[in-house]
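The first chain written gets the first letter, and so on, giving A, B, C, D, E and F; residue counts start at 1 in each chain.
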Amino acid sequence: MSHIAVFPGSFDPVTKGHESVVRRVLPLFDKIIVALGSNSAKGNMFPLEKRKQWLEQTFAGISQVQVEAYSGLTVDFCRQKGAKYIVRGIRTPGDYEYESNVALMNRAMGPEIETIFMLTLPEHTAISSSIVRDIVQHGGDASPFIPKGIHVSSGK
Amino acid sequence: MSHIAVFPGSFDPVTKGHESVVRRVLPLFDKIIVALGSNSAKGNMFPLEKRKQWLEQTFAGISQVQVEAYSGLTVDFCRQKGAKYIVRGIRTPGDYEYESNVALMNRAMGPEIETIFMLTLPEHTAISSSIVRDIVQHGGDASPFIPKGIHVSSGK
Amino acid sequence: MSHIAVFPGSFDPVTKGHESVVRRVLPLFDKIIVALGSNSAKGNMFPLEKRKQWLEQTFAGISQVQVEAYSGLTVDFCRQKGAKYIVRGIRTPGDYEYESNVALMNRAMGPEIETIFMLTLPEHTAISSSIVRDIVQHGGDASPFIPKGIHVSSGK
Amino acid sequence: MSHIAVFPGSFDPVTKGHESVVRRVLPLFDKIIVALGSNSAKGNMFPLEKRKQWLEQTFAGISQVQVEAYSGLTVDFCRQKGAKYIVRGIRTPGDYEYESNVALMNRAMGPEIETIFMLTLPEHTAISSSIVRDIVQHGGDASPFIPKGIHVSSGK
Amino acid sequence: MSHIAVFPGSFDPVTKGHESVVRRVLPLFDKIIVALGSNSAKGNMFPLEKRKQWLEQTFAGISQVQVEAYSGLTVDFCRQKGAKYIVRGIRTPGDYEYESNVALMNRAMGPEIETIFMLTLPEHTAISSSIVRDIVQHGGDASPFIPKGIHVSSGK
Amino acid sequence: MSHIAVFPGSFDPVTKGHESVVRRVLPLFDKIIVALGSNSAKGNMFPLEKRKQWLEQTFAGISQVQVEAYSGLTVDFCRQKGAKYIVRGIRTPGDYEYESNVALMNRAMGPEIETIFMLTLPEHTAISSSIVRDIVQHGGDASPFIPKGIHVSSGK
């Protein structure tokens, strides 16, 4: 049986923190699907196509990582892909609070799917997509916080 | 003197967690008023009438529980109803953080009104109205999380 | 049916925070038993007799409040006394963390007994028994933090 | 070298908590610039001009305090003003969570600028701008929570 | 390359929560070493031999799980065993706080070893070894909280 | 008027985190007194003399920093030294919880003395004295976590 994990998020935009979590947990899985939530409701800053392209660029060299957009419930997407694990990174206790709620609810809806967590590295603690958006909106330089080779700007 | 409590919320929609807290604290009071906030600003998913009807259905068999819509400050509503206690359920530390702030502010505005808290049951920890809305919006089945006999769907 | 609550603790020593919580929740009950844990293991600063005397002094004028020492599980004591509610005060999120664990465990062992929580008043947030002990040990004056008329000193 | 601090915020509206933090940290600095964020995105309740006027009124008698609107990154504003310190007040652990993230990110972008924190006074713990807005929107009296002499109403 | 994980703890005593975490994460690894800390300093309630025997009994039927006592740093034990992952369960935000500190420190000392976390199931949230010890010390029945077939009593 | 701050602790032992906080806040003060608590009760791992010597070594080159042992209440020590500020570093939300309690209590006993907080640097988040003691006790190498030139070992 092959081990498949889903790493879900809105990646608005992808950060060095996301990249690092995927790389660190990779040895445990045969495939990690970076699952880009495409629900229109949430009001993302960057369009789906852009976010997807940045993810593909980030994980271009890693054949076990696959980027896919999805809509609907995460547990339904996992079932459809044969994934038994959801992977999430945690930066802060506030993250933990939120993530543990989502994990409990996912468990209630899909008890056969387990969520596993990794801490982001200390140097990535301050890096969230929302703070990156903040920097971009204020005209700051976000490049130290996003994967190498990716250019994010508010004009995009 | 009769003991009256107010159990305020937006109940968008009512959950099994809400129902359970009311039932468990009921023996302490002669009457519990489930007070449905009708402030338009908040942007609820379900219309006031629907939310009220679900609450009435939930507590249909319990004569000491009364459902009322209200607007304005909660402490003013308590005074108008002769309620000396506000009851709130707490699911998580994040809830606690939010609820303790509201309780402190209510106390500053109405020092004669006390807020008492109950923990939701472990099996209800993951159930919040916002997560139920999330499930409904993604086309999932929310029925395990809301009171028996109530049907919530995004088409409503 | 009469409503009885148990307010358990080690009261090492009783503080203004304890006193205030009992007074504020009192209208809801016919009797509140301030239950002084007498387990020897914990290493209290003040002897049981002293702690009991201070509690009796604190609640001397209130006939519905009764002070009793107990050992064994709190839920067993509740059953023995016919109490259906445990009352606890919460000062801080750290308190909440601890108290919610104890409440969950008590529920697992005595599902018919509910725990209800009240927040301590803002002016009592900083007052815990352990900080009072700290002040006493360092030769400070603890009188602003303990009930009127009670004298606590390390020489006791 | 003169010590300059920036006290940034949206002050929507200024509260007694803000006022108190500035007064208490003032002795450490030659000048404190109360920096009013003018970013349009955030959706403030009160217009920039009103918020600025209230701040000026609040600190009218204190020559070392200066009120300025700014846009862009806070660290850029600090550099432009020669400020080596950012000052922030913390009311609750939730505040701490948020503030520590912002401070880490500011450090990443401006390592020469330090953020220092003060706790708000216990009597100000419940007072946040968002709760004041809530009170105003519900027709309550916010005057106990904002600096003396300032009148905030929803009709403004 | 085979995937080996270490699940370290003092297991004083093992609980249903421990058992469940190991079973749920098991599919990801070829071997999980339940690593029983034998440091004398900590003052455990139950002797090492007893704790080890209970662990062996708990995981008797699962050939991929191996129980070993160890002393010294956890990262050194991992290296010695060829384990690239440490697994830990999290019950509460307080647990998270503690566990994230330990994980950061382990990372500082062994950057090639990753820690992954799983949430305990909602029904196990209240079950910690320290609460089980409490129940045992007060003469309560701890059997609902520990793995089937294990008998823990204070007389042991 | 000269600005004096007290940086209190048990420094058992001093860490790179302590050192960094003092250096970063130094520009705001004319003198910082590193105040080493000498209360015997607490059960420190290293003797007072050793801890004092390590502190003196750490701050040897900085004339504005002075190391002193003290007993009794911290606010009394501040008064005796003419210090109007207490400085504390915060690593984690758990630290914050503890520190905010102590600061509130110090304020209750010495309202003229303010406590200011700084976050430790991200790379120091995992470094606490207790974790350093843990490493030392397990025979690990603590040198990356303590100030340069200081040698801590369990044989000391």
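The working rule: contacts are C-beta pairs under 8 Å (C-beta built on N, C-alpha and C of every residue); 3 or more make two chains touch, one makes a residue touch a chain.
The structure presented is a predicted model; accordingly, all values stated were derived computationally and were not measured.
Colleague: Can you list every chain in contact with both chain A and chain F?
Modeller: Both-contact set = D, E.
Colleague: When the contacting C-beta pairs are counted for C-D and for A-D, which pair yields the higher total?
Modeller: Output for the comparison: A-D.
Colleague: So chain B and chain E: same face meeting same face, with over half the numbers shared, or different?
Modeller: Since more than half of the residue numbers are used by both chains, the interface counts as same.
Colleague: Name whichever of D-F, B-D or A-F reuses the A-B interface, so over half of the contact pairs are the same residue numbers.
Modeller: Repeated interface of A-B: B-D.
Colleague: Among the chains here, which has the CA centroid at the largest distance from chain B's centroid?
Modeller: It is F whose centre lies farthest from that of chain B.
Colleague: Which chain has its C-alpha centre farthest away from the C-alpha centre of chain A?
Modeller: Farthest chain from chain A, going by C-alpha centroids: C.
Colleague: Measuring centre to centre with CA averages, how many angstrom lie between chain E and chain F?
Modeller: So the centre of chain E lies 33 Å away from the centre of chain F.
Colleague: Which integer distance in Å separates the CA centroid of chain A from that of chain E?
Modeller: Inter-chain centre distance comes to 29 Å.
Colleague: Roughly how far is chain D from chain E, centre to centre by C-alpha average, rounded to an integer in Å?
Modeller: Going by mean C-alpha positions, chain D sits 46 Å from chain E.
Colleague: Check each residue of chain B and list the ones that touch at least two other chains.
Modeller: 93-94, 97, 100, 104, 107, 122, 125-126
Colleague: So, with touch as defined above, which chain pairs make the list?
Modeller: A-B, A-D, A-E, A-F, B-C, B-D, B-E, C-D, C-E, C-F, D-F, E-F
Colleague: Contact residues on chain E for chain F in the complex?
Modeller: Touch list, chain E to chain F: 39, 41, 71-73, 76, 94, 97-98, 100-102, 104-105, 107-109.
Colleague: For the complex, give me every residue of chain A touching chain F.
Modeller: The contact residues of chain A facing chain F are 93, 122-123, 125-126.
Colleague: Hey, which residues of chain D end up touching chain F in the complex?
Modeller: Residues of chain D touching chain F: 3, 24-25, 27-29, 84-85, 90, 93, 96-97, 100, 103-104, 107, 114-119, 121-122.
Colleague: Using the touch rule from the top, collect the residues of chain D that touch chain B in their complex.
Modeller: For this pair, the touching residues of chain D are 92-94, 125-128, 131, 135, 137-141, 144-145.
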